[in-house]
Amino acid sequence: MDSVKPKPEELKDLSIESLGERTIPSPIEKDGSLYEEDGNGVLVYSQWDQVQPFLKKEKPPMFETAGPRSRLYFDPAKTTCGIITCGGLCPGLNDVIRTVTLSLQWQYGVKKIWGFRYGYNGLSAAPFAEPKLLSADIVDGLQHDGGTILGSSRGGQTPGEMVEALLKYNINILFTIGGDGTFAGAMDIADEVKKRRLPISVVGIPKTIDNDIYCAETSFGFSTAVEEARKAIYSAHSEAKAAWNGIGLVKLMGRDSGFIAVNASLANSDVNICLIPEVRFSLEGENGLFSVLEKRLNRKHHAVIVAAEGAGQRHMSEGPERKKDASGNIKHKDIGLFLKDKIAAHFKSKNIPVSIKHIDPSYIIRSGPANAFDSTYCLMLGRYAVHAGMAGKTNMFVGYWNHQFTHVPLHVAVHKRKKVNPHGDMWQTVLETTEPVS
Amino acid sequence: MDSVKPKPEELKDLSIESLGERTIPSPIEKDGSLYEEDGNGVLVYSQWDQVQPFLKKEKPPMFETAGPRSRLYFDPAKTTCGIITCGGLCPGLNDVIRTVTLSLQWQYGVKKIWGFRYGYNGLSAAPFAEPKLLSADIVDGLQHDGGTILGSSRGGQTPGEMVEALLKYNINILFTIGGDGTFAGAMDIADEVKKRRLPISVVGIPKTIDNDIYCAETSFGFSTAVEEARKAIYSAHSEAKAAWNGIGLVKLMGRDSGFIAVNASLANSDVNICLIPEVRFSLEGENGLFSVLEKRLNRKHHAVIVAAEGAGQRHMSEGPERKKDASGNIKHKDIGLFLKDKIAAHFKSKNIPVSIKHIDPSYIIRSGPANAFDSTYCLMLGRYAVHAGMAGKTNMFVGYWNHQFTHVPLHVAVHKRKKVNPHGDMWQTVLETTEPVS
Amino acid sequence: MDSVKPKPEELKDLSIESLGERTIPSPIEKDGSLYEEDGNGVLVYSQWDQVQPFLKKEKPPMFETAGPRSRLYFDPAKTTCGIITCGGLCPGLNDVIRTVTLSLQWQYGVKKIWGFRYGYNGLSAAPFAEPKLLSADIVDGLQHDGGTILGSSRGGQTPGEMVEALLKYNINILFTIGGDGTFAGAMDIADEVKKRRLPISVVGIPKTIDNDIYCAETSFGFSTAVEEARKAIYSAHSEAKAAWNGIGLVKLMGRDSGFIAVNASLANSDVNICLIPEVRFSLEGENGLFSVLEKRLNRKHHAVIVAAEGAGQRHMSEGPERKKDASGNIKHKDIGLFLKDKIAAHFKSKNIPVSIKHIDPSYIIRSGPANAFDSTYCLMLGRYAVHAGMAGKTNMFVGYWNHQFTHVPLHVAVHKRKKVNPHGDMWQTVLETTEPVS
Amino acid sequence: MDSVKPKPEELKDLSIESLGERTIPSPIEKDGSLYEEDGNGVLVYSQWDQVQPFLKKEKPPMFETAGPRSRLYFDPAKTTCGIITCGGLCPGLNDVIRTVTLSLQWQYGVKKIWGFRYGYNGLSAAPFAEPKLLSADIVDGLQHDGGTILGSSRGGQTPGEMVEALLKYNINILFTIGGDGTFAGAMDIADEVKKRRLPISVVGIPKTIDNDIYCAETSFGFSTAVEEARKAIYSAHSEAKAAWNGIGLVKLMGRDSGFIAVNASLANSDVNICLIPEVRFSLEGENGLFSVLEKRLNRKHHAVIVAAEGAGQRHMSEGPERKKDASGNIKHKDIGLFLKDKIAAHFKSKNIPVSIKHIDPSYIIRSGPANAFDSTYCLMLGRYAVHAGMAGKTNMFVGYWNHQFTHVPLHVAVHKRKKVNPHGDMWQTVLETTEPVS
């Protein structure tokens, strides 16, 4: 209800690559009804006015429906799998590691599952640490722990060395858990695998606390993040009210997409100004931040500001030399500290006393255990990834759309991000329940 | 992904009643893009194999798309509204009261909003207590509090006296927050209103902690309930492991639908046996509860059982005299206490020492504040209800389907409940991660 | 500030038994200042008017000061220890197991530590399960988990068979974690050990969620319990307010002592009637429960009642046949259910509609992880117990008094319990902030 | 068990000032036993070896026992009171405001209670905002909210203008809630009042999240702070383990005293290095921070560091110009950011990759609601303050010592702070369970 819908022209090629014919009967049959075969799909558009135009000429765009296939490409008895977690922490990583391990082992009977250490670094020619064998014992109780038992990192390995590492450990299916940077790496691996004609499947599991994976309605960890972010806003509100002209300023995650900021602001409902990357705002001017804030302080003598990490970056850019982190993401300057300084300077120049409390809860938000929703979601997500991998699907990730799990080609979510729709109902609700700046 | 899909023949009449022509321009326009008009709809089915059969002959079934209309039936300046909360507590009730009040007042400019006290009783000829006027001040901070400031009850009033009460307070729009019993009452009111040709709109806001409202993907309070239920399961697991042949038995809400039990069992992942109303099980026999439990205890010496309220009712029925509560729901016997006694007796008869800890967290689960997801959801839901009411929609409730808010006729959700699909992926996952009984 | 002070005549013999001369130099010296020797003590009374009368004739009563001794009775290299957890669950059990293990292993260099399973049953001739060897690896992270990894039970073994079990495993120091029933068993073991002149030390670590260990100011788990109990009261308040004449009735732990009820009632401050074992109350009569409750309902139309488990037992006794549980505790009838029925019947007889919600959070309260206070307290407590054991102290437990850890003979806390002082400031505060019944 | 004991020479004058004769009978008598009269005291020392030396010559040092007096100095019917909250937020502030208000109103019958706004600023000649009248209605439910409804600030008013403000509102008793800076201000007011021979009592209620009030065993908010700090350490541990050579660095409150750091480190037990103001450490050298950290990383590849705010300040001082905040406290440079930079630079210079995550949870810790312990403690503390004020005690604060509430002259706690005892058992336990640096 809240994000920019993908455009038809972006959805031209939603077909899923396969390693080859599926000849092994699946061992998981309990109830025929569970099997899902390839012809079916989940409609991308489910509003009548969006889907109708397609109906005259062709099938409307759809994502392949996820689910266990009745026949597998890989013979479980001879299959070895690898799991890798990349990028920043996100609640639910351990849940996914656990469920992928258990599903492979218990549902399919896969014997050997390697957990590569510290992200793609674990696939480098000289990794920090050797992979560890995963099993039911090792992953027992993991759903109650934050973090990742495999470790993570931001990458930098070549596809060549990563494929060599997969060969060294005889990996047939590699599950990569990460965001769009990780998926770019996964595509590189899949391409290299294809070039070498290797029977290795690469399956992505979308992980982004920002909830910005393209063509995935919900990312695991996001719900937990909003819950924790709400607490930080509570603190900011408490601090703001306790001081004369108190300003509680919370920086939340959201490099390119303000979903956490939007949802936490709505959930908490004590936010007065919400800034996200998708919506431009000025500092100066009649509807600029300073003016709006000043009017608010004059009226109530306290204010709560929530700023997503990527908001207002243009105000901080001096010169062209924007740095990138090890994942290739542009390194943002810190909007929280920037605003703190600018706001302080502004009110000092006007001789208005203010008391600014800046809260950056990012590490606390992302490092805890998953909430119930995310734990359940991770459990299902991991199982669908295993179904896809065993069926020989590759170069794809498991998405979620219209209440159903889907298969999406990796290329769809690389170099593109889901964004808050500034014309959507959630952002409009933010505008109506806070003081808009522009 | 988890519930029984509605059948086409149940979706014949999804059209929404209207009080009359909409002649008043809406005051909320900020951004043309937000307005939603009546012709559009959200497809009920979004899988290609389900939607395709319809395409040849007719429009596929769809729910009217919710949203603010550009023109209103009611003139805000002359409109008086009423809000009522019915049935058992549910996290988010106060959020909905707050958001309906604020949306009426701030978005539309409605001046008078009555909060009727203690459910439909507040509409009886001699109510327990007079209604209270709601305003921004009164509802300030309510999103942080469990319960309902209006009070609730299970009804018993006649449509006649309820309509009289509405007339006494000049109510134009009545927002009724409740489950299928409440909706039956709301339909009675709407029918009486129609008979009398009164300009009163009746808008339902679905509230059911069990998540069993038909044609609504998610009910508010459900996410919070699962979170809390998970904690009770943690306790049961802790208790079970601490005793030789320890059995932790958790009774969860779920009169007719086991969604809380299913989701909490999956989220927690320490559950060994999960019993829901939708799936029949035996006590005796090779795959019956006693036998499965005994095998589990022999192997691990502890077990966690989760039973939804409505599970296994047939084992407790003696004679035809099933009682009903004041809402007309059949009063269930207590499956938790029943199983506790039966299990104790069984193992005693076999001379196997067991230690059973029975936990019933129902009141604790339902009486707390909403989690972040539910708070945001309530905020949006309440606003959509207000849009519908101001547009003169009536005899309907606000649903949520395929990630979008919808309008659904009340009759669709009366005398029918959404159920866990025993052939769906979530229940299958329960079966694979627990010890199935049958 | 809140409990009945021990009487001088109960404190005649506070001397601590020792197995023999301490000849082994302690390996833990880092900083001379830490060692504590036997001559010192912590005054039982620290108010001037209580301590002054003693000063003329003799030393005032005091508890031996706990702490590491510079010389040990046991040579760590040759010492084997046992740990046992008895009775009901209590937050912090795992913390104590962890800290005793780590202190023995890391501070003193003890190599072999047995964890006996399922309480004293683990010392019976035919235990449920073999003991498990404890080590730093096994106890890693235990401070975050509720329950007890050793399991627990309520006993029934003879001193003879328990001492045989200790001999079988070459135990030199037995750490028993439990309440007054457990301490009675520990005394029996210590007596049997003495009779047989064995070099086995028996050290108690007081565990009682009720906080009723005599001569110990605070028991671990109590602080956590009060925290959780407060949440249950929140629920009861929420439920009570939501119904006309709503009554939220919370049964809390407290067999003989109402500390949890008192502290949770004060912490929550939404309680209207608080019932504890130490204070007699009537059901009927002008100041009896029914009358006070009725007046309250007439005034406010909702009420919250907190009843400690052992409150009002006299109202339930019919005949002399009170049962005992496996620990020898008199089995209480359920005051919660009793009051629920009686209150319902009373108001029914007067034709006053009420809605009673009964909440029994006991298992949820006791099975979770310890809060920060209890975790720290357990950490210290376990270390002091280890110091005492290594010094050859026996037949004693580690207490806490006037902000310092102490040694207390077991006999002091057997067959006696710490009680809420009905003339103390906390109970008086309860009386002033609730509606007293009598 | 953990702090530096006050020295006898610091305890020479523990007598409490009084405004004059107490002639009004107290209205609160319910039970004679509650009254406490002036002759009694709580021994400062309760270990025999500390108290014995005094017994030959004189009374040992003691704090006057707190409690309601049978006769009052102020006539409740004619008394007006003021409450003020100063300094940084602390969990429990609202609890204290609530309990002081309720105790004055309900126990004593005081009619008029002014809440001054924004700390001592509310007593300035031109305050930010007018005081607000407090009553049972206003403070209802406050025990569930963090922050302070009165607002706070760091002062700068002259005693003269503050006394004028008290006279303007006819204040008889001023309750000042704050730390040692606030107490210095309170002493100034009391001195000015004395000089002018006014019948105004000044009663301090110690508030310091750092737990550093001299001669007070526990400060409210501290327990809650440790609980929340533990969660931040959990996050740091999660982050540290997830990276190769991951370092989780948590800055906790503790300007001059490391109690939060010590207690949270012990409670969490995942901390590897703990730095507090009381214990000097080097960055370089064999046992310096860098070397110890490097060895730890070599062994385990992750580390958690906890640093109290005031730790290692000497490493940051360049030049003599240390700034002071508005309360007169020396402004510390940020040890967290300092260490982050220094550690990064050190390992960079040695070409060892590390990943440092710096967490500063201070505002989150201090702005939430009080936990159950603190809520109960605040309830009692506030009531004892009211008893003292009504009895005409002045220039004093309410302390807590040996499990009893006490009266302590303000001068005792001004310009002195309670410190962690580096030779005490808690710090020694930190040293044994972490990697000591020196």
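Here the chain labels run A, B, C and D in written order, and each chain numbers its own residues starting at 1.
Rule of thumb we're sticking to: a contact is a pair of C-beta atoms (placed from the backbone, for glycine too) under 8 Å apart; a residue touches a chain by one contact, two chains touch by 3 or more.
This one's a predicted model, so the numbers in the text were calculated from it and none came from an experiment.
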Taking each chain's centre as the mean of its CA atoms, the one lying farthest from the centre of subunit B is chain D
Dist(centroid_CA(subunit B), centroid_CA(subunit C)) in Å evaluates to 42
Counting only Cα atoms for the centres, state how far subunit A is from subunit B in Å.
29
Centre distance in Å when subunit B and subunit D are each reduced to the mean of their C-alpha atoms:
47
Which positions in subunit C touch two or more other chains at once?
none
Which of line, ring, star, complete or other matches the graph of chains that touch?
ring
Touch list for subunit C against partner subunit B, complex:
89, 117-118, 121, 128-129, 145-149, 151-153, 231-232, 234-239, 241-244, 246, 301, 357, 359-361, 363-364, 367-368
If you look only at subunit D, which of its residues touch subunit C in the complex?
1, 28, 30-31, 33-34, 39-43, 46-49, 51, 55, 59, 62, 65, 67, 98, 102, 106-107, 143, 217, 223, 226-227, 229-230, 263-264, 266-269, 371-373, 375-376, 379-380, 383, 402-405, 423, 425-426, 428-429, 431-433
